[in-house]
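I have a structure I would like to understand better, so I am pasting it below and will then ask my questions one at a time.
Naming follows writing order (A, B, C, D and E), and every chain is counted from residue 1.
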Amino acid sequence: MIRIQHFSAKGGLRALAPAGLTAHLLRASQGTLWVDFEGEPIETCEPILRDVFHFHPLAIDDALRETHIPKLDDWGDYLYIAFHSVGFDLDGGPHVDTREVDFFLGKGYLVSHHDESIPMVDKIWERCERDLRILGEGPDHTLYLILDELVNSYMAAFTQIDEAVDALEDKILESSSRETLADIFHLKRALVMLRRTLAPQREVLNGLARNNYDVIDSRDRVYFRDVYDHLVRLFDINESMRDQVGGALETYLSATNNRMNEIMKTLTVITTMFMPISFIASFFGMNFFAPNFQLPSWTGRLAFIVMLSLTVGVPLSFYLWARRRGWVGE
Amino acid sequence: MIRIQHFSAKGGLRALAPAGLTAHLLRASQGTLWVDFEGEPIETCEPILRDVFHFHPLAIDDALRETHIPKLDDWGDYLYIAFHSVGFDLDGGPHVDTREVDFFLGKGYLVSHHDESIPMVDKIWERCERDLRILGEGPDHTLYLILDELVNSYMAAFTQIDEAVDALEDKILESSSRETLADIFHLKRALVMLRRTLAPQREVLNGLARNNYDVIDSRDRVYFRDVYDHLVRLFDINESMRDQVGGALETYLSATNNRMNEIMKTLTVITTMFMPISFIASFFGMNFFAPNFQLPSWTGRLAFIVMLSLTVGVPLSFYLWARRRGWVGE
Amino acid sequence: MIRIQHFSAKGGLRALAPAGLTAHLLRASQGTLWVDFEGEPIETCEPILRDVFHFHPLAIDDALRETHIPKLDDWGDYLYIAFHSVGFDLDGGPHVDTREVDFFLGKGYLVSHHDESIPMVDKIWERCERDLRILGEGPDHTLYLILDELVNSYMAAFTQIDEAVDALEDKILESSSRETLADIFHLKRALVMLRRTLAPQREVLNGLARNNYDVIDSRDRVYFRDVYDHLVRLFDINESMRDQVGGALETYLSATNNRMNEIMKTLTVITTMFMPISFIASFFGMNFFAPNFQLPSWTGRLAFIVMLSLTVGVPLSFYLWARRRGWVGE
Amino acid sequence: MIRIQHFSAKGGLRALAPAGLTAHLLRASQGTLWVDFEGEPIETCEPILRDVFHFHPLAIDDALRETHIPKLDDWGDYLYIAFHSVGFDLDGGPHVDTREVDFFLGKGYLVSHHDESIPMVDKIWERCERDLRILGEGPDHTLYLILDELVNSYMAAFTQIDEAVDALEDKILESSSRETLADIFHLKRALVMLRRTLAPQREVLNGLARNNYDVIDSRDRVYFRDVYDHLVRLFDINESMRDQVGGALETYLSATNNRMNEIMKTLTVITTMFMPISFIASFFGMNFFAPNFQLPSWTGRLAFIVMLSLTVGVPLSFYLWARRRGWVGE
Amino acid sequence: MIRIQHFSAKGGLRALAPAGLTAHLLRASQGTLWVDFEGEPIETCEPILRDVFHFHPLAIDDALRETHIPKLDDWGDYLYIAFHSVGFDLDGGPHVDTREVDFFLGKGYLVSHHDESIPMVDKIWERCERDLRILGEGPDHTLYLILDELVNSYMAAFTQIDEAVDALEDKILESSSRETLADIFHLKRALVMLRRTLAPQREVLNGLARNNYDVIDSRDRVYFRDVYDHLVRLFDINESMRDQVGGALETYLSATNNRMNEIMKTLTVITTMFMPISFIASFFGMNFFAPNFQLPSWTGRLAFIVMLSLTVGVPLSFYLWARRRGWVGE
């Protein structure tokens, strides 16, 4: 779908966007034009971008054919911006979903392009429809509104991740099944991935806020700086959550380790207590001491008492020794 | 609560701050005005900041609605500064508590905003009340006093953390329960979090000390450099404590590991000493050698002596062998 | 093999390249000359590079005798560029294969040199043969076409690695044989090696895109920037795959660890259940209680019942205790 | 103690330093004055620094009241330098001891302040006393001599640490007691701490060598560069020793691990060899085969031979199998 | 030994170098003088360097008395360069041997100083002797030849290390004795040490190639850039070998770990198979079931069959269960 919005001193216009109309509006300077391409095949987008807007073939390739990490290219008359929306999904292990949106920002126009519907773009589209004066503040301000909306939407993803991290920490305290470990690794990777999306987006907004581009009104740069500050804060939250997940991993590992130590201790204590007395019992089961044999005194009353004392005494003294060394807990 | 202090050549004034009065004082140039917002709802703060001080909507949003990592924004006529007070709390595991304070520093005025009461701000407020000449040194000097007080208060948090770390090191030497490990991780994370608060605050003060802002008297920059030096030192102490906690973790892990090795050695020594002699005892308990059977010589006096020698000799020789290899300590 | 292509206003030329012809074409300014050396011995290349093109001896050494990490040298009249083609091979453990291509880019000519046949260079060679106007856009544009083709070919290697990583992840879930670990390490190292090839190539293209070299038409720099952007994206994909392989390693290790824990638990549970009852059985096998001996009551009916209860009760109660502590899974 | 040395064209002077004398000498330009405060209470130092030298209150605070990481502050007319002497102590675990020395370097004077006696400062003091011409080369040269002496004294600490590291490596080869591990961690932390002292001192000397301060004769900057080079080298040695200690830790851990593996192998080999034959012995001890029972053939001569062969053969074949797999060393 | 070579338009000269001759040659401008000090005591070198060449005392100290990490000092009229030759030695564990060479490069002269004979320096010395025109290209070119030779000689060390690494990888596959681990650590440290030598040498050559020093002919800088490129490549190879050694360590550790897991599995499988049946055997060895006792049915034919089935069935079913869980390999 290709749709346009146009605002000029004489009034506004909303329509689907054939190339002719777009070219007409573009020539009628003195206004703001927003053209949005959503899930449109390359064949229909390319002629408009090339013949109406005269974008550079490489910039068009960037927007239509290729996937990019967020970036900002200055083409003189216009800026090309690649940006990502971020979603968080728990199905199939927690993971992060990004969708690319491309923008061309020029004197008097904004072109946006995305393969899938992006609610944040639609929301600003509708706000502009309801109040055409918004477009009247220039295409750079409209771009700011969209980027701000996109960045705000990250917060929702962050809240979901935060809840997932909290749920994880509770789960670790209760029981440490194998899925917990998988969840920790999933969240860890989701946060690494988010970090890799946030860092270049931060650079994009830093560029918009600091560089002196023709197509951005210098008074509007402060708005981009504001979005930039939000991204810096999100980045910081991201780092905090990575710490938290790292802490959860440490807790998990130390809990598992503690349990294994306990198991080994039990094994050792039991073995060490029963091996000697089992030997004693075997010793007195030998045929040397069989009733009708030649060493009756070895199985006499005294031997029996000694044997019984050993049977009770050996494990008991080992137990006390082990307790003194802290092997057996209270 | 909104309160104001005003100092001019003609005298001082202290009052609660309705918008009208503030506007009046602001216009009466030649003096220093400090307006402090404490836990005031947005609805009452916003009109004053917007209509009286004419701050930029984005700066007001930063101060009233959003949480920020410490930062310094230059808005030309005024500076916006987000800063944190730091507290350390042992309840529920040692952790760090930060509270945000926002400042607007302009020609002749200082505006501070915080949601909760902050004792360090109150302390400077009272010092200014007692000696109005302090305000007379300009709003930048007042800001310095507050920031210095805030940074000094970190020292208290550091002392508490230091005590917690020392207590931890003692605990490890005594007994290595599971809570010790949890404490180590808590302290580690508290120090990481502190680090993330200190680093941007250091940048804020670096900015105040080095950049040539209109609203800061160039002679006062040296004071901000002093606070900056304190932050650098705190950062260094923080790193030292992180080393110390890291060392505590290493000690804990190596103690746990040593104990586990000891346990495994004991298990092995006991098993290895008793298994062979248990076999010997079982061997002579077989029915082949029963008294009324055909192999009496296998259970004769000679066999008995051999068996007894083995029973004593096998574990003894293993013990000596293990001792030579260092498996059994002195 | 040394082959040349030449394009001028008067027409094109394709031939093998004796030194004389090359010198002639080079003097006949106004055109574009491409000389390609493929697997030619040093003795035949060196005179041409030295006497016809007058390249600096060090630059010739770089191209003919030495292996280089990708680099870009500005020799004033010409640029020397060392670049790598990348292939991925699964034989003998997954690993990365790089081949060096050297370029000299001057006013009106492009010299390429490689020891082995490189399909990407051949492909552009043939495109130029089919359409001589391509050469007409200048040697820098031809260089761009080759570099673009080389970088595109990395994508194929990346896809193969990606498939190998996916296959790996499936293998880990099924069974964790020792070869899986070897594969993880191989892939890890392949990706580290790729990273070390990509990083300097990125710098080479950054240099071509940003510096103002005489031999590169300023309008063509945008094409090099495009290749640069591709390399940045490849670098990013590389980092993602390193994360994925890191995650696979973590999963492998935690699966192995889980299995080992399970094994240890089983060992402990079995030992702890059978040791006490084995002792009981040995106890009652001693000759003290032999039928014709003096303690018949110790092997009487009551003792038998007690013994039987213990034999059933001791392992059962241990089992329940272990279950309560989470040692035995559901 | 406050002591002064003064050198002028007319001659030298040495005395204890009351404020009046200091002020007098300071005014009598044309000479070099060195005032040294050693362990003097703040109350006596502060008036002199404030009223005689007119240092900034913040700089006086830095010197008298606060502890600092090494730093260099340019106050225009004078430089403030915080520096550390370094000592190494083996008592209570190897650790590093630092003491702070503060310097004020101005036109014609050098002020040094330290809480404890520092032999390196005393040594230069005495050299100046013996040969007053040294002071005649200006206060910056005197400062150089002190800093050089301080940095040289680090070498002694490094030699001691080096010996401790060597002793450690020998100890590891001999026996790996728990104290060895503690020593490794202590040395590791001592080296980390040294590193944190060296790094800012290096920056201080870099500043003295590179910046164009009024109070430093430009010809003398080369001397500070020399001290800087020493610090760079010490830093490098420090890194080497950290490697060495890291290597010692690796060796220790791998030795401990090897021993544990050996212990586990022994446990397994013994268990695996004796368990089957113990079972065989128990089997033939059952009452089924008692002499006067119904299965005499099970305990007949053939069974005995089979039993004996198994008793010898089972552990033997396991031993050979284990040997083939490398479980039992040569 | 102090030897000199001198080249001027009038001819060359080779001799041992008394101070007088050196001073004479130095004054007779218009030529190139190379003085080489080899293993000469300080007392003989110092007067020449100080009185003939007038080097700064600190520079002389650097060259004669101190050990340095490679560095480049610009003393205006001359450059001081500290450089290292690198050798690799397998005796006493693989390790790296470095020797320091110091150079002074001035207008018309080159002074080299080294404590031990360095073959690379001798080689260039002899080349200059054979063909005096080499000196005629100026002292900077001679310096280039020596540095190039030194850097080329590193390649030999690298080849040896590479062979050691390959031998190591083979050894790991064959058997993993303790010496293998020691070798890995030795190589690891040798490579870290090489890295620390290469990095500053790279900086030295970067300085020679990029800075505009009076004593270096600007056309010769390209040669130093070539040596710099070699060092960059050596650094890259060094990193690759560090990866390889890291991979060898990983392989070693995972092989050791696999073996330990196998051992534990065997222990567990054997214990778990024999413990229950040993119990069964012991059970039927109790005196309750002795032939002339009251429970003959417990040792009757049926019991015997049940016992036999259990003895076969219990270990068999455990074996099958363990196999299904992947505990016992194919």
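In this section, a contact is a pair of C-beta atoms (placed from the backbone, for glycine too) under 8 Å apart; a residue touches a chain by one contact, two chains touch by 3 or more.
Predicted model, so just to flag it, every value in this text is computed and none were measured.
Taking only C-alpha atoms, you rotate chain A by 70 degrees to land it on chain C; that is to the nearest 5.
Chain D and chain E have centres, each the mean of its CA atoms, that are 25 Å apart.
Distance between chain A and chain E, defined via averaged C-alpha coordinates, is recorded as 40 Å.
In chain A, the residues touching two or more other chains are 264, 267, 271, 275, 278, 282, 285-286, 290, 292. Starting at chain B and proceeding toward chain D, the closed ring of contacting chains reads B, D, E, C, A.
Considering their complex, residues 222-223, 225-226, 229-230, 232-233, 236, 239-240, 243, 247, 250-251, 254, 258, 261, 264-265, 267-268, 271-272, 275-276, 278-279, 282-283, 285-288, 290-295, 325-327 of chain E touch chain C.
Interface residues of chain E facing chain D in the complex, by the touch rule stated above, are 56, 58, 61-62, 66-69, 71, 73, 175-176, 178, 181-182, 185, 189, 192-193, 196, 256, 259-260, 262-264, 266-267, 270-271, 274-275, 277-278, 281-282, 284-286, 289-292, 299, 301, 303-304, 307, 311.
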